[in-house]
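Here it is: the structure, laid out below.
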Amino acid sequence: MLVEHALVATAVAILTTMTLALIRAMLGPTIFDRVLALNMFGTKTVLLICVVGFLTERTDFLDLALLYSLMNFIGMVALLRFSQFGGFGDSKDGSPVKPEAQG
Amino acid sequence: MNTFPIIRVITKVLIPYILLFAFYVQFHGDFGPGGGFQAGVIFAAALILYGLVYGLPALQMVAPPRVVEKLIALGLLIYGGTGIACMLLGGNFLDYNVLEHHFLTELPAAIDFLPGEGPHHFLPEGQHLGIFLVELGVGITVTAVMTMIFYAFAGREPVA
Amino acid sequence: MILFNLVVWAFLISGSFFSIVGGVGIIRLPEFYSRLHGGGVTDTLGAGLIIVGLLIHGVGGLFFETDVSVVGQLLTAIKLLMILFFLLITSPASCHALAKSALTQGLKPVLEINTIDKAQNDATEQ
Amino acid sequence: MMNFIVIPILLLLALTAVTVARIRNLWAAVMFTGIYSFLGASWMLILDAPDVAFTEAAVGAGISTILMLATLSLTPRKRHQDGHLQSDDFDEKPRKKSPVWPLLVVTITGFALIYGTFDMPHFGSPEAPIQVYPDPSFISKSQHDMHGLPNVVTAVLAGYRGYDTLGETAVIFTAGIAVLLILRRAPNEGLKHADQESEVVAAANLINQADENSDGELTQEADS
Amino acid sequence: MTMDQFLGLYNYWIVIFLMMTGFYIVIARENLIKTIIGLNIFQTSVFLLYITMGKVTEGTAPIIRNGGGHHEEEHGAAEHVGHAALGREVELGHSVSDVSAIQHASYLENTNPPASPPLDGLADATATSGALEQNTHIVAEYQGVIYSNPLPSVLMLTAIVVGIATTALALALIVRIREEYGTIEEDEIIELDRNS
């Protein structure tokens, strides 16, 4: 009943979930399903990094997990942006708004 | 993304932390994973996130292309200048040992609470100072280049 | 010590459980808006439980092991808390934005059970 | 114990790469490239290269994805009347060539490379040439030279190989300038600019007439 | 082939598989963006190949691990080294307080030609850490901890950033090609070139 065993079991569970998310991303059918699967995949990678960090006892690598979660969000916003507006033309929803205009 | 108020608010909350994280990666790079390349990319990613959510004009008010352009060259200048400074101080190009105790590295006596003798130094070794400057140059160049590339792509009008 | 490990075990295993449940949900559920639930479960509950388990494990090192640096463990705990903060903020926001984006682009939620099969067929035919 | 984690990651990597090769929708292909980068970075972390994992995650999954999406939004196959785009505008054209020859070439190359691996030192072997050649004790030496800088990667990057990193930074600088030179001005803006100076217009006309492959649009612009 | 041999080489095989997938995309697909994606996959697998080689069994990442709060520890190590240098200065007969002399001497010391045979390096290391004596094989070790090789990390680190810069350049060219030709399919571009 070492904690290491639990960590390995968790890592395997996370990898299983990653596989399932990957399968959904491959199946589609709509683009939103894929983006959802990508988002989930990214979160699972963050968790995997945390668990591996504890397993190898180098917890100073948690910086990486932080970075992964940030990049996940940024990639997600980019996908949304380009799927919604097809580029940077904000013309469809009015002229670009100053940052102060909306909370 | 004007129709996504939640994403706008979340972005506004997150961006300071991302910038802070970029600085952490830049200046903690000697002690943990990280360094100029990574910090530059993260900093640029924060700017790009702002641009994605609030639109390109808003981003260009924050980081005007005119300034970012110059930063591209500034980073490389800092890098090369560190090497030249080493040469002027009597060493070889990029030989950081000669930077030792030359630049403002002495801790003022008023805040010198470290144990042990004598005046202490912020950056006790020339190597540390040199690596710090070099990484700073790399970070500035990478940030500016990535931001400029983003401007170039995002400012392009699509043709039919 | 054993009790402590048991708590860590419980958190990690329950987190893994919810994670896999969400994974199965994202595969098995019939259409996009119901799949969002699967994604939501793994991203918040599963991730939260696993990170809290790791947090307890990390803090427990302070009490039960001798050669541990307090600063290092505290730093680890702070980093884990920040990761949790990021995950708990960004995942629901992305899920919401995704659902809203899908809705505005004309992907209709399927409201009756009977029509799910038909909707799925339509979606695959696209 | 780590094998339980490493082998699934490798299988997922292979699966993702095959998916990228098979999928026709470029949008999804870019997305899978992001997943591939995440997985590769995770494996790099397990292989004791956190710095590289850091960079790969930031660059491969973040910036690279964004740039490719930006390019995609500028290069759809067709654009609808209102400028609206759908995800199937980014499909590749169905290809006519049969994939047999490329597959054959790839298979032969792959088996040749695999044949080459039989002579390689086993994974993680401490006697591998890379571990013994330059000087195995240079980690402790770097601690001496760099006065105890904990991150040896940074020490090598900015200290020992400072010249090299200066060169790399110059390469990034050059690539950034090149992108700006290519994309800065709007399409055909150069020719419009040339209109103001008659000499340049004459020169452009000469070039356009001499260069027979110039398309009609360019010539028209310069003539007007 | 035994299981050990298989497990010792399967990393390389996976990397080769990834590399060949990227290669296939590059030569079989005609869409320019898809080609760039294939090149990216190829590139990442080359990174993975190098990183794989740098790993040592039982090794850890090449960031010196300190047992305690690492700043103090690292400071101590630095001061220890500094004192050693000072001691050498005294032996050489220089004035200790003369900072520039110390700098000069340490500069000389640091620019010693690295051509000395590896055994000298080993002796140095044993003098500082004393950990390598009982080691039968040669691995990068410091204060009793084995570290993986940092050199592949350094090379690949810069390669990744240069890679994204060149990828951006290629994408910019693709944008221009799309504007001039109206397509990004290789065969259509060749067709247009032939017809014009």
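A, B, C, D and E label the chains in the order they appear, each numbered from 1.
As a convention for this text, a residue touches a chain if its C-beta (ideal position, glycine included) is under 8 Å from a C-beta of that chain, and two chains touch if they have at least 3 such contacts.
Predicted model only: the values in this text are computed from it and were never measured.
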{"item": "Common touching chains of chain D and chain A", "value": "B, E"}
{"item": "Top chain pair, ranked by number of contacting C-beta pairs", "value": "D-E"}
{"item": "Computed distance of Cα centres, chain C from chain B, in Å", "value": "33"}
{"item": "Distance between the centres, which are taken as Cα means, of chain E and chain B, whole angstrom", "value": "22"}
{"item": "Distance between chain centroids, defined by C-alpha means - chain B, chain D (Å)", "value": "23"}
{"item": "Chain A, residues touching no fewer than two other chains", "value": "19, 35, 56, 58, 60-61, 63-64, 66-67, 70-74, 77-78, 80, 83-84, 87-89"}
{"item": "Touching two or more other chains - residues of chain C", "value": "72, 82, 86, 90, 97, 101, 104"}
{"item": "Multi-partner residues of chain D (each touching 2 or more other chains)", "value": "50-51, 53-55, 58-59, 62-63, 66-67, 70-74, 76, 83, 145, 147, 150-151, 153, 157, 165, 172, 175-176, 179, 182-183, 187"}
{"item": "List of chain B residues in touch with chain A within their complex", "value": "1-5, 7-9, 11-12, 14, 18, 21, 24-25, 32-34, 38, 42, 45, 48-49, 52-58, 154-155, 158"}
{"item": "Complex contact set, residues of chain A against chain C", "value": "1-3, 6-7, 9-10, 13-14, 16-17, 19-21, 23-24, 29-30, 32-33, 35-37, 39-40, 43-44, 46-47, 50-51, 54, 59-60, 62-63, 65-66, 69-70, 72-73, 76-77, 80, 83-84"}
{"item": "Residue ranges of chain E in contact with chain D within the complex", "value": "4-5, 7-14, 16-25, 27-31, 33-34, 36-38, 40-41, 44, 47-48, 51-57, 59-64, 66, 70, 74-75, 77-78, 81-82, 110, 114, 118, 121-122, 124-125, 128-129, 132, 137-142, 146-154, 156-158, 160-169, 171-176, 178-180, 183-185, 188, 193, 196"}
{"item": "Of chain D, residues touching chain A in the complex", "value": "1-2, 4-5, 8-9, 12, 15-16, 19, 23, 27-28, 31-32, 34-35, 38-39, 41-42, 45-46, 50, 53-54, 57-58, 61-62, 65-66, 69-70, 72-74, 76, 82-85, 87"}
{"item": "Chain D residues within the chain B interface of the complex", "value": "50-51, 53-55, 58-59, 62-63, 66-67, 70-71, 73-74, 76, 79, 83, 145-147, 149-151, 153-155, 157-159, 162-163, 165-166, 169-170, 172-173, 175-177, 179-180, 182-184, 186-187"}
